[in-house]
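The first chain written gets the first letter, and so on, giving A, B, C, D, E and F; residue counts start at 1 in each chain.
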Amino acid sequence: MTRSDMILSVLVLIAENDAPILEILQGAFEDGGFAVLVASNGEDAMAELEAKRETVRALVTDIDLGSKATGFDVARHARELNPELPVVYVTGADGHDWPSLGVPNSVLITKPFAPSQVITAVSQLLNAGNTPGA
Amino acid sequence: MTRSDMILSVLVLIAENDAPILEILQGAFEDGGFAVLVASNGEDAMAELEAKRETVRALVTDIDLGSKATGFDVARHARELNPELPVVYVTGADGHDWPSLGVPNSVLITKPFAPSQVITAVSQLLNAGNTPGA
Amino acid sequence: MTRSDMILSVLVLIAENDAPILEILQGAFEDGGFAVLVASNGEDAMAELEAKRETVRALVTDIDLGSKATGFDVARHARELNPELPVVYVTGADGHDWPSLGVPNSVLITKPFAPSQVITAVSQLLNAGNTPGA
Amino acid sequence: MTRSDMILSVLVLIAENDAPILEILQGAFEDGGFAVLVASNGEDAMAELEAKRETVRALVTDIDLGSKATGFDVARHARELNPELPVVYVTGADGHDWPSLGVPNSVLITKPFAPSQVITAVSQLLNAGNTPGA
Amino acid sequence: MTRSDMILSVLVLIAENDAPILEILQGAFEDGGFAVLVASNGEDAMAELEAKRETVRALVTDIDLGSKATGFDVARHARELNPELPVVYVTGADGHDWPSLGVPNSVLITKPFAPSQVITAVSQLLNAGNTPGA
Amino acid sequence: MTRSDMILSVLVLIAENDAPILEILQGAFEDGGFAVLVASNGEDAMAELEAKRETVRALVTDIDLGSKATGFDVARHARELNPELPVVYVTGADGHDWPSLGVPNSVLITKPFAPSQVITAVSQLLNAGNTPGA
């Protein structure tokens, strides 16, 4: 592995059951220099988080994943595995459950949204987490 | 009711099962110009939140309330009743569950803490919530 | 309309009377996944805001628009129509009037600036506005 | 003048036409270690700002001052005199005009409020302004 | 030790060679519910930090301490001992060296200041440090 | 020089002794609309800062530059020349010296990182610095 590969190895897990949106998000993160792991339902997302708990650096998740496990469940489990993991929720609905069911220090982005919003949110959360004493 | 009473009617619910700590917090908030409502376990706290849902403006809750309902349960229910309610958790333990079980835009304060920290946290959250477009 | 169109429908109004700068900003926002509406003077900008008040999600405006209506006028009117609208001012001058004539929760960016600065500012303001209880 | 006088010479102008509220605010700021200057209408507030432009370090103003000049007018004039002056608006109404008529980097506090909220807001704005490069 | 003593055991080290200012600061922190340790020059401050490294929770230091060791030296040493220690500098001069000699995530407060500003700064930094994942 | 050149003249100095990483960062900043100046060791970086003190608008520096002068030295010197210069440190190590040796209002980003994180950090710091009264 070259050193320039190392710089590009920030792994973001995107959990999204809507294929066109997943594709747009994946493309935007890859253009922004991130590595991307995808899951199309909540159960797969939680399995990926457990399998890759050492390497996943951020979670972007739809709230309604079309599965029994919601994005709220995925994020809560992600934070049990890594209490400092940046979490960004995206949703096509109004996100009215986020104030009671979301995790602390998370960002909610409602559709329609531009890919830049999600990249910016993840970048900010990662940078804040890199700051001892902040 | 005089107008100077009105200015002093910001009602904070403090849920704390440790009587000396409750007393210190209550005194500090009253000195800071807040009105205070107290509850000594989780169930009472939730009952107060429902009874006073129109008037409670902020929640300060211990995480371990010595009751079946924890501070996490109280805060989640509080946000269902009022999605914008400021929430501050205090805890004598290390707060390791807060990243997965806390609500968004909440503050965690671990003991030992000075009363000023809790007043400052509640004041900041109230001021942020008073800011349309923020 | 496909769902992937929906994700790309965050409409930003850019008010700028300097054609080359307008072109650069428009290109940068489109690359960032935003839809763009342009106006080359203050009056046109205000007319667009009224016509599209339901769909415009953010305003980027030069302060000096070469018209009777300045960027300050445009932003004030925009906030009357939508109190939560993100506002970013760009200016080739020093922005010394911004502290007295700008609107709350706005960002001032002075030239020279890189397009990334404007995208980042709009993305941050949009994300903050998507956060109930923040 | 002793050095301990110097530390207590942070002068806050409070513009408030409601005498009981003015009294409460004045007392709270003095307890917090501030020096206080008061004005009971908009015109007096603006005259004080001009007379004391070198020494006033923060402005707390009601929006409706019962005078021709509103708190919005007072704050705008204050920022013309000192672009970095911390500004906090208090209001008994809902503050719906603040997003279009307020100044940047100001805080809106709606009644009922506790005095601690206003002290905290002024302290935070002063501390941010003391931070070169922030 | 009672539990109400525990809540009051947040220890702040104040390094200040100006006795009247030290007295005002000490009184304000004690009123805010903090325990206070004082040092009147840089060398004493560093000795206290080493002796009490497990218990000091925040540092407030003048920049010019009238000793060979400045407040910048004290703060740097404090952060070597505890990378997350909240640091607030106060200064009677203009603080022009702070941007190059201060530590990250510190606050600069220039005289004249009100004691509330210092309490608020310390409280905010402590609360931020209590926030895993923030 | 055309006006569209002007908009692209935000000059960022990148100090990095690792050629592949330097290349990735340079490409990302140029894609984001910045102009880039590079230095491959600490001494060259400081010479560039002095020669271009009027035009360099931000510094991105590795901490270990393989030279006598570290990134901490470069940043400290940069802030002596321009107290408001945005500073972002990147490091392949854990950054444990940053809390004591970094400058105020700087951001620490640890490898692996995505280029978007660095662009976002620089953009945020530039925008904050463009905000009088902030």
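Throughout what follows, contacts are C-beta pairs under 8 Å (C-beta built on N, C-alpha and C of every residue); 3 or more make two chains touch, one makes a residue touch a chain.
Keep in mind that what you see is a predicted model, and the values were worked out from it rather than measured.
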Across the interfaces E-F and B-D, which one involves more C-beta pairs in contact? B-D
Can you report the angle of the rotation that maps chain C onto chain F, using C-alpha atoms only, to the nearest 5 degrees? 120
On a C-alpha centroid basis, what's the spacing between chain A and chain C, in Å? 27
If you average the CA atoms of chain C and of chain E, how far apart do the two points sit, in angstrom? 42
CA centroids of chain B and chain C: separation to the nearest Å works out as 38
Quick check on chain A: which residues sit in contact with 2+ other chains? 79, 83-84, 96, 98-99, 104-105, 108, 119-120, 124, 131-133
Give the list of chain D residues in touch with chain C in this complex. 76-77, 79-80, 83-84, 96, 98-106, 108
State the interface residues of chain F toward chain A in the complex, per the touch definition above. 18, 20-21, 23-24, 28, 95-96, 98-99, 107-117, 119-121, 124
Name, in rising order, each residue of chain F that touches chain C in their complex. 2-4, 6-10, 32-34, 119-120, 122-124, 126-127, 130-133
